[in-house]
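Paired with chain B in one complex and with chain C in the other, chain A is shared by the two complexes that follow.
What follows is the complex of A and B.
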């Protein structure tokens, strides 16, 4: 009997040991899912290029962490929340995916976040713009890496005001997103002694911007702010260029403009546009080195979202390595503890609300004469310190922050 | 009495026709039994949430087919009903979490039916392209309303809709329970449509589709028939949208966008318009391709592949896959 009891004891002990070992890195694999728009509007912002950046991060880690293999899954969310949510749920239910990266369209990201929170996994958001993700929609299960609407509009407004643009005209998309941008902008402009001399809202989406641009020209404002995104922003810019807005001395400030937008519209149209970016490939040797490596694989220069996928994955894998665990909360607190110092950000910090705070940059689009190569598109005018660029925790409505 | 008047040739034809109909109905019964068995065991082999999505879209396409296939009305605004069902259910379940899931779904369905009545009253006065344009215009109004109003969460949509409990004791958070619930809803919708099509009312609808002036001259109130079909279709579409919201726990603008109205036309035409199983088959193909292609290296080509399939289908089998298949059966196994 004694022998049997001993044997049972041993078996139980062995079982416990092996189960604690499993709790460290589940399934002995680190499973990463990449979900993004691979075929629609946001393809160039994140899309297949972001997947390539993710692969680079995994390869730089040798394909494994502490001897545990890194496995990738990827899917196209088609910009549909139900498709994205379904994919992520399936990844978690059937493949026990530990972390989801990419994540572009805000509606998709919000749907995915809910599932990730329910299942206590982790999401690293690089593509999405909405600052609500770390405000009223914050959760202990996601980290917003690259930029948000607050940083873009505030950063640009601050910086342009300091450059001397006092009178503003705001062209905003007539839906919640445009209204939020417009409100953020107005607040900053008025707080810093500027004035909004006129504003107009256009239906979303719009094709004909001529009357709005004429109003902007007639307003006598020094700065015309475009509080819209995507195709609307492109249409507005093209109309502004046809109407010679910047030639007549007015400055254009884009709130949500990405490198791929500028590249596809061309410098003829976009020259002189002021914008805020979270990262630019041609800032220093480190960014150039990484961007060239990326360019060899993809044939394009990386956008900030794609660089963010790389940076966030490396930071995540480092945290997994340090803690030898892929438990979402263990890894998340390690990620928060460790400052981010890589080609993407210097001294970046992840806040308790999931916001990765890092320096942003005010950029102006070069003129065709200034540009030396296909991707030589921005002049970086100044650095906006992270604390200034992002919404301060004092104003936060996040449930994780006790005010 | 009338049989005795007919000559032997006619009698022969009637008999053949009757036999064919009996054979067809037997075939349908067998198909249906096989379908039920497959549907009952499917979640053990295939991911249940995917199956639920498939059933929701199948119900959507079946409801659409009731209108296009049997009343000959091409609505280009069905996304509005799908979204209304989804948003109302999502809103009700989020705000009044004490309500059972079934009541939430009923609320969404009722709202869609009411909207369908409004749309129908305006739209059925016109035929063909004008009908399609009016429904499209009304659906766009609804789209913008959903985008601007606060209860829908604007372009972000509603998230975290609780699945809740069915009749207060079946936990729907469990995927299997949810699946059988969705299957029951689908079967209810499907059988209701079946019953409608084969009722005298369904016969009148077909008569209207074939020749509206003649139906009028026979004394049928064509507008009332069409309106009823429209409302029924809108309500079932709303039911599909409401169920979809509970499955995914979210409602979004994607459902209200006119792309969705186009997608359901694609599903119905692909499967076979005016056939019983066609919409189900079409929806299965489209949803399966979307889901599995988006997970594959071919992901970027989803839209292209769907487009090519659609073009091929329109060029080669105009009756749709099911229509083509049943013709094949008829030709070979009389």
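What follows is the complex of A and C.
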């Protein structure tokens, strides 16, 4: 009898201990690691600007949550999976980092996600594009915030197909991200009665795209889709304009186009280009106000990825505040429970597979005559409701979804 | 239509022409490297950064001084050439006679600093340079649309390459240069100012890189990383041609452009690696390079 009582006592004590462990903030600090490309091809898309957005979020919380200090770490992943994985491993092992944010190149994110899952921490992905992150590679330890290859290709391809472009040529970057984009795009094209008449995968990164553009011209396709990003996309688009791709009657569709790309190429080259974006700074008073705050600090307007870093961090910190815990699963559940209503998204919802579903926007690049200022670059043509924009759970291969 | 290896001949011709254009860039850049290596025995890792500087001088001089493209063709090589001479006089000279590794590390470090500075100042997305009006549009060659500008690149690059080759191989100044390579001490004894010759040579190599940078500005995004991406390929070209061989650098540059062009049609995934494959093969069969002297 005495033994039994002791055993029950132990069980209760253990239960109490574990519940206090859950409802507490480890080390009395919330430790956030910002990992991104700080110096390479994706620097302007996320990079130091994303870090600044993160700092804005932390400052908006007064640097602490429920009296517990927020501590930031940041590192350059150089777009190398091994560098990214090592950094995160070190952050978790030595610094007890609770959440990793930023996260751009898909190859890096895949490597980081594995570690984050093993260690049961949390990753908030803002920069990365691959829709596989919430499909075959989903995990209960990461949330994909801003956009994905499915939503972008779906949005843009759908619009272009509706205008009558049936025969497609796909120029894809030859790595995980490009492959994912190519696959998602092909599905959309074929589902809507179009056809992929040719494709070429180019090494990442490439210097010269004239050869590929020539192949696209020779393919007889009506639409040439650029399934690459960053400097490669800029380079390909510029080359296409020099080789008179649109004059020869072909239409260009950029799948992953960011504000900084359009800004860098200039409107002369990019005017008329259709694209899908998860966010644009000049949509309403709320976005404008936040963007102006950001602009004061960085000197550029934020991209959707940088805005996503802010939004996801705020949502995370709110969940930490509400639960008074930094345990990944406690916080994640709270984040899923709570809809996202901020300058980034209205009624955004995080699904069980880690996908943050929110409205996307079909945009067209303005002509030089339409643009009134340096960053006045897009016309928003229409809103794509989140449920239409993202892959439906019915088609999901995610292990967390029971189909 | 004639079909060759499953590809229409017209497509192949277009690709070869494009390959030649890329080859012209390789030739210009590897020529500068070969000259510098020939006289200074320096493996110039700063070459990509100098190329990038050339493009940025072109861009910035237009933005801030209103200097047009044609004037930039002279201004940029001159500016970067001067920078090159300063680098030689105040940095490289200090390590004359040391192991190759010192020169390599010094120039590599320099390249990282220059590129890092430009990333800090201008970001990585880069900017585009407006096409000069006279070179807008293009020719319809029947098998392809050739933008005028690309045709101009081939012509300009080949002229500069040939003039450089002529200067070094056929003129008195060039003979000093070659003699200085063979035996600097003896040259000095004959009253030739070898240190000045060396400074000028490095300056000229830098100017060549900058010239390639000007040519690149209107067709490629002008960004801090533009040189670093190209540099490794250009090194492979120099190794294939034979370190220090002038003609070797020019011919191999064009040749590698062609081979890369063909790869982009038949197996695009390997386009970035094919040059290195050729390098491995050449090193196995002829370690001194295609045009190098076996010693």
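Throughout what follows, the second predicted complex is superposed on the first by the 308 of 403 C-alpha atoms of A that agree within 3 Å, B and C clash if a C-alpha of one lies under 4 Å from a C-alpha of the other, contacts with A are read in each partner's own complex, and residues count from 1 in each chain.
Here is the rule we use: a residue touches a chain if its C-beta (ideal position, glycine included) is under 8 Å from a C-beta of that chain, and two chains touch if they have at least 3 such contacts.
Bear in mind the structure is a predicted one, so any value in this text is a computation, not a measurement.
**Student:** So, A:239: does it touch chain B (first), chain C (second), both, or neither?
**Tutor:** second
**Student:** Quick one: classify A:327 as touching chain B (first), chain C (second), both or neither.
**Tutor:** Neither chain B nor chain C is touched by A:327.
**Student:** Quick one: classify A:29 as touching chain B (first), chain C (second), both or neither.
**Tutor:** Neither chain B nor chain C is touched by A:29.
**Student:** For A:93, decide between first (touching chain B), second (touching chain C), both and neither.
**Tutor:** It touches chain B, and chain C stays clear.
**Student:** Quick one: is A:208 in contact with chain B, with chain C, with both, or with neither? Answer first, second, both or neither.
**Tutor:** second
**Student:** May I ask you to decide whether A:52 touches chain B, chain C, both, or neither, giving the answer as first, second, both or neither?
**Tutor:** Neither partner.
**Student:** Quick check on the superposed pair: does A:43 touch chain B, chain C, both, or neither? Answer first, second, both or neither.
**Tutor:** both
**Student:** Identify the overlap between the chain B-contacting and the chain C-contacting residues of chain A.
**Tutor:** 39, 43, 47, 174
**Student:** For the complex, which residues does chain A have touching chain B?
**Tutor:** Going by the criterion above, the answer is residues 38-39, 43, 47-48, 73-83, 85-87, 89-90, 93-94, 106-107, 110-111, 113-114, 130, 132, 174-177, 204.
**Student:** How about chain A: which of its residues touch chain C in the complex?
**Tutor:** Against chain C, the touching part of chain A is residues 39-44, 47, 174, 200-203, 205-208, 210-212, 214-215, 217-218, 230-231, 234-235, 238-239, 242-244, 248, 260-261, 263-266, 268-269, 300.
**Student:** In the complex formed with chain A, which residues of chain C make contact?
**Tutor:** So the residues of chain C touching chain A come out as 8, 11, 14-15, 18-19, 21-22, 116, 119, 123-128, 130-131, 138, 144-145, 147, 149-150, 219-221, 223, 225-226, 229-230, 261, 264-265, 268-273.
**Student:** Okay, in this complex, where on chain B does chain A touch?
**Tutor:** By the definition above, chain B touches chain A via 47, 49-50, 53, 147-148, 154-157, 159-160, 175, 244, 248-250, 252-255, 290-291, 293-295, 299-303.
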